[in-house]
Amino acid sequence: MTAVAAPALPKRRSLYPGWFYAPAAAVYSVLFLAPTLASLYFSLTRWTLFDATFIGFDNFAQFFREPFLVQGLVNTVIYAVVTSGLKVVVGMLLALMLTSEIIARGYLRSVIFFPVLVSTVGVGITFTVLMHPTQGMINQTLAFLGMAGPGWLVDPRLALFSVALVDVWKGVGLATVIYIAGLVAIPRDYYEAARIDGATKLQNFFYVTLPLSRPATATVITLSFIGGLRTFDLIWAMTKGGPGFASDTIASVIYKQYQAGFYGLSTAGNVVLFILIAVLVVPLTMFLNRKQGHE
Amino acid sequence: MAGLELKNIQKSYGSVEVIKGVSLSIDDGEFVVFVGPSGCGKSTLLRMIAGLEDITGGELFIGNKLCNAVEPRDRSIAMVFQSYALYPHMTVYDNVGFGLKLARTPKDVRDQKIRNAAKILKMEHLLDRKPGQLSGGQRQRVAIGRAIVRQPEVFLFDEPLSNLDAALRVDMRMEISKLHQTLSATMIYVTHDQVEAMTLADKIVVLDGGVVQQVGSPIDLYQRPTNLFVAGFIGSPKMNFVEVVVEAVNEDNIMVGSKDVARLGVPATVAGVKVGDTLTLGIRPHDLSPATNGAVVGRVSLVERLGNETIVNIELASGIPWLAVLDGDQALRVGESIALAADPAKAILFDRTGQALLAPIA
Amino acid sequence: MKRSRASIIGGSAAIAATFVVFVIPFLFIILMAFKDRQQSALRDFSWPTGFHLWDNVFEVVRTRNWMMITAFVNSSIITVASVTLLIVFAAMVGFVLARRKTRFNGLIEFLILAGLMIPPAVVPTIWLLQGLKLFGTLHGMILIQVAYNLPFSIILYRAFIATIPRELDEAAVIDGARPFDVFFRVVLPLLWPVTVTNIVVQSVGIFNDFTNPLYYLPGNQNATVQLTLYNFQSQFSTAYNLLFTNILLITIPPLIVFMFFNRQIVAGMTAGAVKG
Amino acid sequence: MTKTKLFALMGASTLGLMISANAVSAQQSGYLSFLIDNGPQSVAVAEAWVAAYTEKNPDVTIDIEVRPGGGEGDNIVKTRLATGAMADVFFYNSGSLFQAINPTQNLLPVTNEPWQEGVQESFKSVVSAGGEVYGTPFAPAMGGGIFYNRGIYEELGLEIPTTWEEFMANNEKIKAAGKTAVIQTYGETWTSQLFVLADFYNVLAAEPDFAEKFTANEAKFATSPAALRGFEKLQEVYEAGYLNADFGAATYPDGLRMVATGEGAHYPMLTFGIGAIAETLPDNLDDVGFFAQPGDSADSNGLTTWMPDSVYIAKSTSSPDLAKDFVGFIGSPEGCDIRNEAVGATGPYMIAGCELPSDVPPAVSDMLPYFQEGGNNAPALEFLSPVKGPALEQITVEVGSGIRSAADGAALYDEDVRKQAQQLGLAGW
C-alpha cells in the first residue's frame, strides 16, 4: 500500500532497479531451482544415471513401504524438536546468565560460542571417540566415579539423543548469541516499571523478558528447527544412522538410497523431506510471526 | 533561478487518489509553504516536485522545463529532510560534499564550496565529525549545508524543524528566513505548523484531502479565508464557530442570530442568502472583548491568566465551547457568566457548503 | 564497582561447568595432537609423554603428496570468493526487496524460504554442472556455495536494510546519486554490522562444508580441508594422534575468524537476526 | 637426444634387473590419473606400482587420486563415470557391483590384451559383460571365514571346528575361561555382514541352485532354511553373550588388533585383513589363524571365496595405450611381486605365474588348502547373482545386536533386495 509504483505515463528509472536481482537470480535459478525442478521429474523415474524410465508414483509408494522410513520420519521430528527445544531453553538460560552481572563474561561467551565455528565432521569424530562405550573418556570418567556409563551411540534407544546432544553442544552458542542480542534490546524501563509494580525476579522473567524476547525465540526456533529437520552431517559423522536404523533421519535414509544407486527413489525422498519441512515449518513460522505482530 | 508551474498534478496509489489535481504557479525566488494537517498530501506533493515520487497525471515544469520524467539529479533541486538523512558513515565534510563528488566536481572547487557553505552556516568546527556526534540543531545545519552547497535553483524543505525542541525551532526558523534572503532562491517548505507557515512564507498553500484549499499571502489567509477549513486551520488559537440563522438580508451585510449570539450584522456577499437560512458564524478569539451588553453570552469554564493576556474558555448556551483572548489580566471566576462583544467587521459567515461569504474588498 | 558474592559464586560455578562441557573436548583434541601413536591409541585424557606435535603436523601435512597444502589453498579460494559474491549479491537483493514493494515480492520471498528449506538435488545438479563445464572446477564450487547460501544472507540483509531510513536513499538521489551509487556508496557501507555477521557465518559454514565438495569437486587437485579429514579418517583409523592433529589444523582458520570478529558477532546479531 | 638416450639406458638397466614377462614392452610416455580407494593397503600398493612403473618409464606421470571406500566410494565412482570425469585407471569391485556401473558403456574392454592370457577364467567371469572382459585382478583371491587367535586355541586345547556346534562349544569354553569368544565391530557396519555372507558355501551345499532362484525371485532368505542360518548364527553368538563389550563401537582395526593380540578369540572377516595385521601388528601376525565358517555338518565344510577387486580403464581416457600398458604391468607376475613386497601376501593370486612367497603367514597357509585340488570352496553370492541389497549391513547390525530377530532380519533383507532387483530391471520382480 505504501509506495507501489503505479503505471505512469512518462516513467523514470526506479531508485531500486530490478536488475539488482539479476546476479543472484541467475546463480540461484541455474544451480538451485533448475536441478530442483528436474528432481521433480526424476523422482517419478527409475533412474540409473545413465537412463531414466518413467514409473509414475512407484518411488513414493516404495518410499512409504520402506519399513525404516516411518521410524526415520519419527526420528527426524524427534531430533528437530529435541534440538530446537533444548537450544531455546539452554540458549535462553545461558543468555540470561551472560547478560547478568557475572564475572568472566567474555570468557564464558567465547567458550560457548566457539563450537559453532568448528567443523561438524571434526566435532562428530571427536565425540564419537569421547562417547565410546568402554574406552571413551565420558564413560571412563563415569566409571571412575563409580557409575556405569550408557552405550551413548551403540544403544539403539540412546543413539539419536546422543547425537542430538552433540548437536546442541555445537549449536547452542548461536542460540545464546541471538538471545543475548534480543535481551540487550529490551529497554530497561520495562524492568523498572515492573519493579515499581512489585514484580519478583521470576515474574520479571515471565512477564517481561519472555514476551519481549519473542523475536529472538522465533529466530532460534526457525533456524534450529529447519536445521534439525535437514540434519545430516553430524549423524553421518557419528552413527551413519545406526546402530541398525535406530538413528536414521529422512536425510540419512535419502542419502543411503542415493548411495545404493536408487537415484529416483532418493530424489523421491528429497521431495518427501521437502513436503515434511513445508508442512511443519510453514505453519510454525506463520504462528511465530503472527504473535510477533500482536506484540 | 527558476519558478515552478504545476498543472493539474495528480497522484494515486492503485485506486487511492492522494493528490487530486493540483495546479499552482510559484515565482522565481518565492518562499512558498505547503501547510495542512497530516495526510493532506503536502509531503507527497513536495516529493513529486523532488522526483522521489512518480507523477500519475498532470505536468510539472521547473523553470519552463517539463520535469515529469526527469531524474531528481537533473531538476536542480536540493532537499532537506525531516530526519536530516545524514549519511552516518561519512564525516560532515563528506556529507556536505557527497553531491559534488557524485557530480565529479574537481577537488579544489569542492573543498572551497564545502568550506563556504560551512561558513555561511557557522559550522566550520564540525567538519571532521560524524553525524552521530552532533546535536539535533547541528545536524539540521549540516542537512541545510548539504543542500546549499550544490547551489540549486529550488530548495525543498520537508518539515525540517519538527524534530527540534521549541527554542531551537524558533532560532532555526529565523536562520532559514535569513538564508532565503541571502540566497534569494526559490524555496518550497512543508509544515503542519501554521506558525512556521505564517512567519516564513511569501505565499502559503493550504492543502486538505489532496486538494488545494487556498493560496495566498499569510495575512490574506488570516483575514480572508475562503472556507471553513482554512479559517479553522490558520490562526492560533483556532477561530470559534457557531451555527446561526439569517434574520435579515441587507445590502452589504447579513443580520444573523441564535440563542448563543444576539443579533449581529456581518458584512458579506449577500447573493443567494434568504432569511431563515442556517449559516456558520466564525469569530477569532482575539476579536472578542468583554462588554456588559456583548452579543455573545456564556459561562466561564476555564481561565488561563498569562499576564499580558487572558485566555478564557467559555461555554455558550447551546453547550458549544468557545475561546476568547482578552487583553491584560482579567480576574474572572470559573462558573460566572460573561458577555463578550464581537467586532462584526472581523466576523465571517460561511454557507452550508463551508464557503466563506466574504464581502468584496472595498 | 563491588560485585555481589552471589555473582562471584555463580560465575565460578559457570566457569567450572563450561570448562568441563565446552573446553575439555578441545583440550582433548589438543592433547591427542601432542601424543605419539601408542599413547593416543588409549584415547584418554592424559598428559602427553613426549612432544610429538610437530612430527604429527608434518606427517599429516605430508600425507598423500602434501594434499593438506592444496586443500588449504583450495578452501581459502572457495571461501573468500564465494563469501565476497554472496555479500554483494545478497545485499543487492535484500536492498531492492526491502525497499521496493511489487506483486513479485511474495514470489521472491517464497523462493528464498524454499532455498532455506529444500534440500538440494545433488545428481541433477552434477548433470547440470557438467553441461556448463563447471563440474569439478573451483569456480563451479564457488557458484554452488553462492546459490545454496544466498537465502540466509538475503534474509539477514533484508531485515537490516528495513531498519535503515529510506530518507537516506532519497537524500542520496537528490544529491545526484544513481541507483548504483546509492547502493554501493550509501547503503552497503551502512550494512557493515550485518556484513560482519554474514562473513563470520558464511565463511565458517563454507570452510567447514563437507558434503558439497565431496560431490561437486572430485579429484585430488581439488581437495578441500574437510575432505582431507574424511579421506584420512580411515587411513588414520589406528593413528588417533594424526586424526586429531588433522582436526586441530582445520580448526585454526575458524579460530582466527573468531578472534577477529568475536566482539562484532553480537552486534551483528542484534542488527540482523532479531529485528527480523 | 642424448638425454633421451640416457633415460633409455637407465630404463633398460632397471629392466634388466627385473625378471619380467613384460620386459620387452616399449618405453611409454604421457600422463595417467589413477583412482583408488582410501584403504591403507590400496594406497601402499598403488604407490608401489606407480613408483616401479614410472621408474621404468620416466616420461610417464601417474597421479594417484583417493576416494572413500564403501557406499560413498561406490557413489563417487558411479557419478564420475556418468559424468565422463572418471580417472583413466581405477580400482573397483568385481561381481555385482561391477555390473552396476554399466561396463559396456563406460569401460574399455581388455579381452584380447596379452596379459589376459594369464588371468584365471573364474576371475574373468566376474568382470565380463556382453562377451567382453573389462577387468584385471589387482589383489589375491580372498576367503570369508573366521580368524582365530592361535594362542588362545593352544592355551585352552581347542580344535579347529568343522561344524557350527563345535564352534559354539569352543566359544563356550573360551567364555568360561573369561575371554571374549567372538569379536564384532559394528562401529564399521560392513564388518557385521560376515556371518551371513561367509555362510554362503553352506547355503550352496544345502541348496545348489539357490543363487539362480534368488536372482529369479524364487528363493528368499527368510523362507530358505539354509539361507536363514546365516542370520540365525549372528543372533546365536549375540544371545549367548560371546561378544566383546564394545562390539557396537569397535572398528575394523580394533577387531584385527583384538584377534591378533588375543583380546578375543574369533573374528569373522575376509582374509584381506591379513595384510592390515601385517602392516600394523607384524609381531602378532603369526598368532592369527583362519578357518572357514562351519556349517551344520562336518562332511560339507568349505570356504566361501571372494574374487579380488579389479582394475579398470575408463572409456573416457585420453591415452588408452598407456593405460593398457600400466594395467598390464599391474596384472603381470612382476606386479604381484611388487604387491607381495609392499603389503605382503594375503592369498592365492588369480594370475598365472604369480607365486606366493614361501614364508606366508599362518592365516594364509590355513586358507590355501581350500583353494587347492580337492579343497572345498564356492564363490560368495555376490559373484553368482547381481542382486545384493544395500541395507544388509544395517540389518546384520540389528540382528547381531539383538534389536531384531534373525527371521525378521531376513525378511527385511528380502524386501531390500527387491528394490535392487527392480532398479537393475531384472525379470520376475
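In this document, chain identifiers A, B, C and D correspond to the written order of the chains, with residue numbering beginning at 1 in each.
Note that in this section a residue touches a chain if its C-beta (ideal position, glycine included) is under 8 Å from a C-beta of that chain, and two chains touch if they have at least 3 such contacts.
Note that the coordinates shown come from a computational prediction; the quantities given were computed from them, not determined experimentally.
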>> Can you check which chain pair, C-D or A-C, has more C-beta pairs in contact?
In response: A-C
> Farthest from chain C in C-alpha centre terms, which chain would that be?
Replying inline: B
> Roughly how many whole angstrom separate the Cα centroids of chain C and chain D?
Replying inline: 40
>> Could you work out how far the Cα centre of chain A sits from that of chain B, in whole Å?
In response: 56
> What whole-Å value do you get for the distance between chain B and chain D if each is reduced to the mean of its CA atoms?
Replying inline: 93
> Once you find the CA centre of chain A and the CA centre of chain C, what distance in Å lies between them?
Replying inline: 16
>> At least two partner chains per residue is the criterion; list those residues in chain B.
In response: 51-52
> Hey, what residues on chain D touch two or more of the other chains?
Replying inline: 72, 79, 82
> Listing for chain C: what residues touch at least two other chains?
Replying inline: 123, 127, 170, 173, 230
>> Help me check something: in the complex, which residues belonging to chain C touch chain D?
In response: 64-65, 123, 126-127, 130, 135-136, 214-215, 218-221, 230-232, 234-235, 237-238
> Mind pulling up the chain B residues that touch chain C in the complex?
Replying inline: 47, 50-52, 72-73, 77-79, 81-83, 85-89, 98-99, 102-103, 146, 150
> In the complex formed with chain A, which residues of chain D make contact?
Replying inline: 71-72, 74-75, 78-79, 82, 100, 102, 105, 186, 189, 245-249, 390-391, 394-395, 397-398, 401, 403-404, 412, 415, 419-420, 422-423, 425
> Which positions of chain A touch chain D when the two form their complex?
Replying inline: 46, 48-50, 53, 62, 65, 67-68, 128, 131-136, 151, 153-156, 240-246, 256-262, 265
> Across the complex, what residues on chain A touch chain C?
Replying inline: 2-5, 13-18, 20-21, 23-25, 27-28, 30-36, 38-39, 42, 47, 49, 97, 100-104, 107-122, 125-127, 129-130, 132, 135-137, 140, 169, 177-178, 180-182, 184-185, 215-216, 219, 226, 230, 232-233, 251, 254, 258, 263, 267, 270, 273-274, 277-278, 281, 285
